[in-house]
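Reviewing the structure listed below.
In this document, chain identifiers A, B, C, D and E correspond to the written order of the chains, with residue numbering beginning at 1 in each.
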């Protein structure tokens, strides 16, 4: 990867490389823009490159130059969605698809009581050195939530694929399992569940800002003239409203990349809101995966004369 | 089941499209058909003008139920508006339900300009149901309560 | 703030004084009063006086439904120099006093409705309807009977009309017909004079052998590119003598006009009465084009009208209105294996049958079998071929005309050849039309046509005849009918070119590729897209009288626009905040009118200039439904007169 | 708990509204029982608010020597100012302040020859100083006021300038407008060029306020003439948010406009990042 | 010094809670957060950093400051302040305790923020020493001794025993009230544990983070550093770092129309927000780079410039752990500090 980036950057074929930069700790990689071939030494691709680079292209694509971007299979769905909404110009991109075995979640290490991490060796079994001794863990125990329902190893848009054959044999978990479980509960139980989760929200907007479908120039919640702007969740209602509207605004456009949940400092399973919409859309209006191609239209931008009436909600879930 | 509070007056915000449902409500009026005064109608050009934000806003401010009324599918003055409404509101209502907000508090109805009687009936039914359920406690804003 | 009593209609259940007093405590209210009948001249005068005396910047009238008197009060406001859109109505009659009996309840609700109206009004801004000019010319797309009739009606009213017809002649499908039901006039006899009228009308320009390439603009100001395909004939020089056709050695092309039942030359006019009477060279058949040799036609043409070098010509013209009259095609029954169409030469379509019966047709009007040229002894007609079918089997709709034309065919056969047995397989016979049922009964009773309620399962050739296997639903038996000719009443299908045209016109289409009308009952000849009208079968199956009636109606609606010098728009339309628009084009996709386009624009955000792709609303096209506003997540798109803030303010006021 | 919480505003009543220009109005505000809502020094600001509409910082246009009422000259620019422009007398508003430092009228300005340079609404904060200086005329040297606006209609306080300032008590006013217009016999041209043309000696202590672009060019012009930047003052009160140096948003470098400003000497500003 | 067996903590907590509200780091789901203590709550003695710092209890995320009733042209101003009820926060770490001293410099400076002052007066901080720091910890860089934390009362948990030492008068007063639970002891066990833990501190990855060269004198140089353009692009402009930071203290004042009146409240603001400096006449910081730079310039240059060299960072490591894209103050210090003198 680095060699390819070096090649394209020094030849002038691209003006910038969007990739990951290694950090100060074994796991703290950051998305970074490289404009200098020398600096590519700091480029890295490992199990902690979970962040989805596609959204950065909105900003990086503004220059009059080509940008080389490395995308994991699931990131390409987001990019397609951005392309379909004219947020990024395809001709400005050189997309290299890279393989992915599923990315790792350092929070999962921490919740297992592993602290003081000073070194991580990545293999099927992770060897973790800490200030307090070494640990070993199967890789699959530490996967990011989003990787538990992997969309597969196919890149949906790319100029070339780099083959270090990292392609994963990822298990297709049932991504709707938790949504279905909640649907099966009583409204009171669901209410309690979501209150518990959403009350943690500190309104940092990380979920929104990282979301490759949230591409408004100014979010309604930031726009003093919108009538709903708020910097904080002053009450439970505002917690609910923010999350309902955020999810609604990306309904039909969300590719389920899972970044929202990954970035939430409070560990709120935000993706369960998006998935609810995805499940409903697929259930009511036919199977739909946003970002499958750049030509797809959100199901909220079209309709069918025979669409279900809203009372389908009651019919579907019985009277609980 | 909670005890029905006889004094409870559920507040209902009823969005009506200008071409069908608002006229239907007018007809209910000119036919002198009664429905509860707690139903307050907001005129909009088309049911597709209803933003989910408006629905939430009503609940925030103390509404106990929100009902959106539009032309019957196929009869939209603007051809397709109510089809978009149908998708949007189905998803929104489903999400509210998912969050544990009682699904009986939201409703989408098709009421034509000729259906004054139906308008009154739907409003009566809706308010009746809200009466059974009691006040909206799950989606109100505490600041807006007295 | 003005409260109307409406006699006792309102005052009976609403305490007017309470409403007036309550309104005085609302923000922005400087004057409040009441009156017996606000809508009466006295009330309106009061409105004007109040505006003038208190320099009001807006008024709320608590009275009857805005559907009743909004216009009245807007006019009164305008008369007093107030922008008419600074008027809000609180509907305290239909939505309040008339639905409640208890005065306390009614009063309380009236106060709330009044508050909501004030809250909205506080956010109103003066609105000004846009104006746009009207180009006094109409474009009719399609030159069949519908297009011709619409064009003639518009032209007769004194406006220019252009007809664009894709085939070399106008006339359309009707020109191919033999007789017409229920009067059995000869189609040509009633159509050709109209064709000639159209050609000779000084307000009508014909563009035959032409297609619409591109449409832009909006009501009053459409700009259209018409592609006039190369005829290889200079129409101005051609005198229609026909010498070229006579000499042309390439004779193997199938005649489109005769549904392929006869051949034509490479240079041809579709039929004798074609308008214009100017031949066309079929470049796929012409030897000059195929081999470079020949050129006989050029040699014999005295006026030197032949021009092999001729290229397609693009004509750009502007129109105030466009009328779609693209008509239909009969569905091809080849996909229905059970009928053997395409394999069995004696299984033909009804339109082919029309040609066979026509005196100017390939057989000179003699009804002969295609297989051996003999006269048939027995004919079976099958109705509903492709109509009223399961979605995957054909068209779900009834094609409407087949019952009648089949009855006509059967009658004509029996009339001309009384010895031929005629059977008709039908599902239902539908004859709702003036003299239609009488016509059908004549076929059965007077002409002895054998109607069998049932469907045909299979047609097979047996000993040179056709064995039609079907069900008789009345007898509930399987039956076999031997026939020499089978005629399939094929469904009416939208032209393949209709949907692309609809896209160009941004006119919405239904699932069957027929143009959608703006309202099924009340606006049946208008497309939802302003300035686009629908004439004839392009909107849905219909017979000739209906087509002509609709063509006239479309003309009248078009004239309604052409006769205006300026179009006054509705100011309650959507508009984007360019600072917020991110160019995602979602709004464009939900707009039923195609009023939204995207353009690269320089945006000045407090001195920061960037060029971005942003939405633009065509104010002349937007109808103000608001679909786009909810689609826009950033709220960049808002609807004047019903802004997000206004609706929220109403919600707030109601829930206070 | 002490009742001194500075974030809780006081009540004021708009007692008079004057049109200055098509988009500027001057509002007189008194405390409910008359008099000023609080005392201030020239150059200080106050936070005005209509609850539910908005809260914004405005310079106090009146001089501290006016103890009957306070004045604010407000240009239509946003939600709150639009609202205020629609208000009528008798409207109550909330006021908190005074905020920020002041022009050193009792310090460095004392005894000096003063030059006021203002553009557009920028005269509003300087008016307080000018009237203070006029009220204590003997404490100061020469006073010249250079004031410009887009057009004659955009000159604020024109009546006061003409009837009370110009030529009275050794105060000279030099007006200019951007483009010539009928009925205007004064100077036409931009303020910076006009300042150069007027040929002031460089010993003047100068107070500048106006749109950022004007300030930039005026400073350049003054530098060209050889003015000492330690004797040039300007004010930037529009940036303030909380007014008390805590909310963290009005900083320019490590200075807080609402606490260390809004009046800055040019040499102080020069040492700060260009984030204003 | 006093000591108490950990097995009796519940008793201690309930005693403290009797007189005042007690907040403690309590496990909820997979996270530890400061929340009101209730009997049998899962108080986390060893989990170092809570997601949010106890800053909330003194400088709440949202706080009403006034209310108004508006009718016609009239406005009624209501003072909604109430005297803060006494409370204590248990389990505060040295870094978070120090952060309050930094906030004092802002809010207790003239004019005093009475909202903060009232809570600071009625709030009591019981700190706990960190014997097992995280790899993200770097409080030592700011001179904070995590093994000898500040606050009103310092505690140490060694083996099964809680050691307790009051540091202030307020601390003494509480100690007096619960003293009967404790036994007197010396500090030998604590000292031994401190020494042992020091070896871990000496191995922390960021122990040598160098702050030299980050002072007000080089303000303009650091402001104009080209490094900002390298660091900034990865930032999502979310407010995570500012909201979990124990020292971030910027706030906004907003009105909410309840329909019955107006509530004016103070709420945390984040310099990452695009409208952080938005004003009627425009916005002096329109680009993300400017906002990103503001945050770190504030913490590392402006704040020390105004506060005797004290940095607005206590090395708690929350931003290192929680930044969604791992862009944090450590990376900024390394890029801008003396090691990379640009």
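Everything below uses one rule, namely that contacts are C-beta pairs under 8 Å (C-beta built on N, C-alpha and C of every residue); 3 or more make two chains touch, one makes a residue touch a chain.
The structure displayed is predicted, hence computed values, not measured ones.
Peer 1: Keeping to the contact definition above, tell me which chains border both chain A and chain E.
Peer 2: B, C
Peer 1: Using C-alpha centres only, name the chain that sits farthest from chain B.
Peer 2: Comparing chain centres, D lies farthest from chain B.
Peer 1: Name the chain whose C-alpha centroid is most distant from the C-alpha centroid of chain E.
Peer 2: Result for the farthest chain: C.
Peer 1: Decide which interface, B-E or A-B, involves more C-beta pairs in contact, and give its chain pair.
Peer 2: It is A-B, judged by the count of C-beta pairs in contact.
Peer 1: How many angstrom lie between the CA centroids of chain B and chain E, rounded to a whole number?
Peer 2: It comes to 46 Å between the two C-alpha centres.
Peer 1: With chain centres defined as C-alpha means, what is the inter-centre distance between chain C and chain E in Å?
Peer 2: About 68 Å separates the centre of chain C from that of chain E.
Peer 1: Round to the nearest whole Å and give the separation of the Cα centres of chain B and chain C.
Peer 2: So the centre of chain B lies 35 Å away from the centre of chain C.
Peer 1: With chain centres taken as the means of their Cα atoms, state the distance from chain A to chain C in Å.
Peer 2: So the centre of chain A lies 46 Å away from the centre of chain C.
Peer 1: In chain B, which residues are in touch with two or more of the other chains?
Peer 2: 52-53, 57, 61-62, 74, 80, 84, 88, 141, 143-144
Peer 1: Of all residues in chain A, which are in touch with two or more distinct other chains?
Peer 2: In chain A, 218, 220, 224-225, 228, 234, 300, 305 touch at least two other chains.
Peer 1: What part of chain E is in contact with chain C in the complex they form?
Peer 2: On the chain E side, the touching residues are 70-72, 257, 259-260, 282-283, 286.
Peer 1: Taking the complex as given, what residues does chain E use to touch chain A?
Peer 2: Interface residues on chain E, with respect to chain A: 29-31, 33, 48, 51-52, 61-62, 132-136, 200, 203-206, 230, 233-234, 236-240, 242-244, 252, 254, 256, 265, 267-270, 273-275, 278, 288, 320-322, 324-328, 330-331, 334.
Peer 1: Flag every residue of chain E that touches chain B in the complex, lowest number first.
Peer 2: That would be residues 256, 258-260, 263 of chain E.
Peer 1: Which residues of chain B touch chain A once you look at their complex with the stated criterion?
Peer 2: 52-53, 56-57, 59-60, 73-74, 80, 83-84, 86-103, 106-108, 138-143
Peer 1: Report the residues of chain E in contact with chain D in the complex, numbered from low to high.
Peer 2: Result: residues 65-66, 68, 70, 73-75, 77, 79, 81, 83, 106-107, 109, 111, 113-115, 118, 216, 219-220, 223-224, 249-253, 255, 257, 262, 264, 266, 269, 271, 276-277, 279-281, 284-285, 290, 294, 297-298, 301-303, 305-306 of chain E touch chain D.
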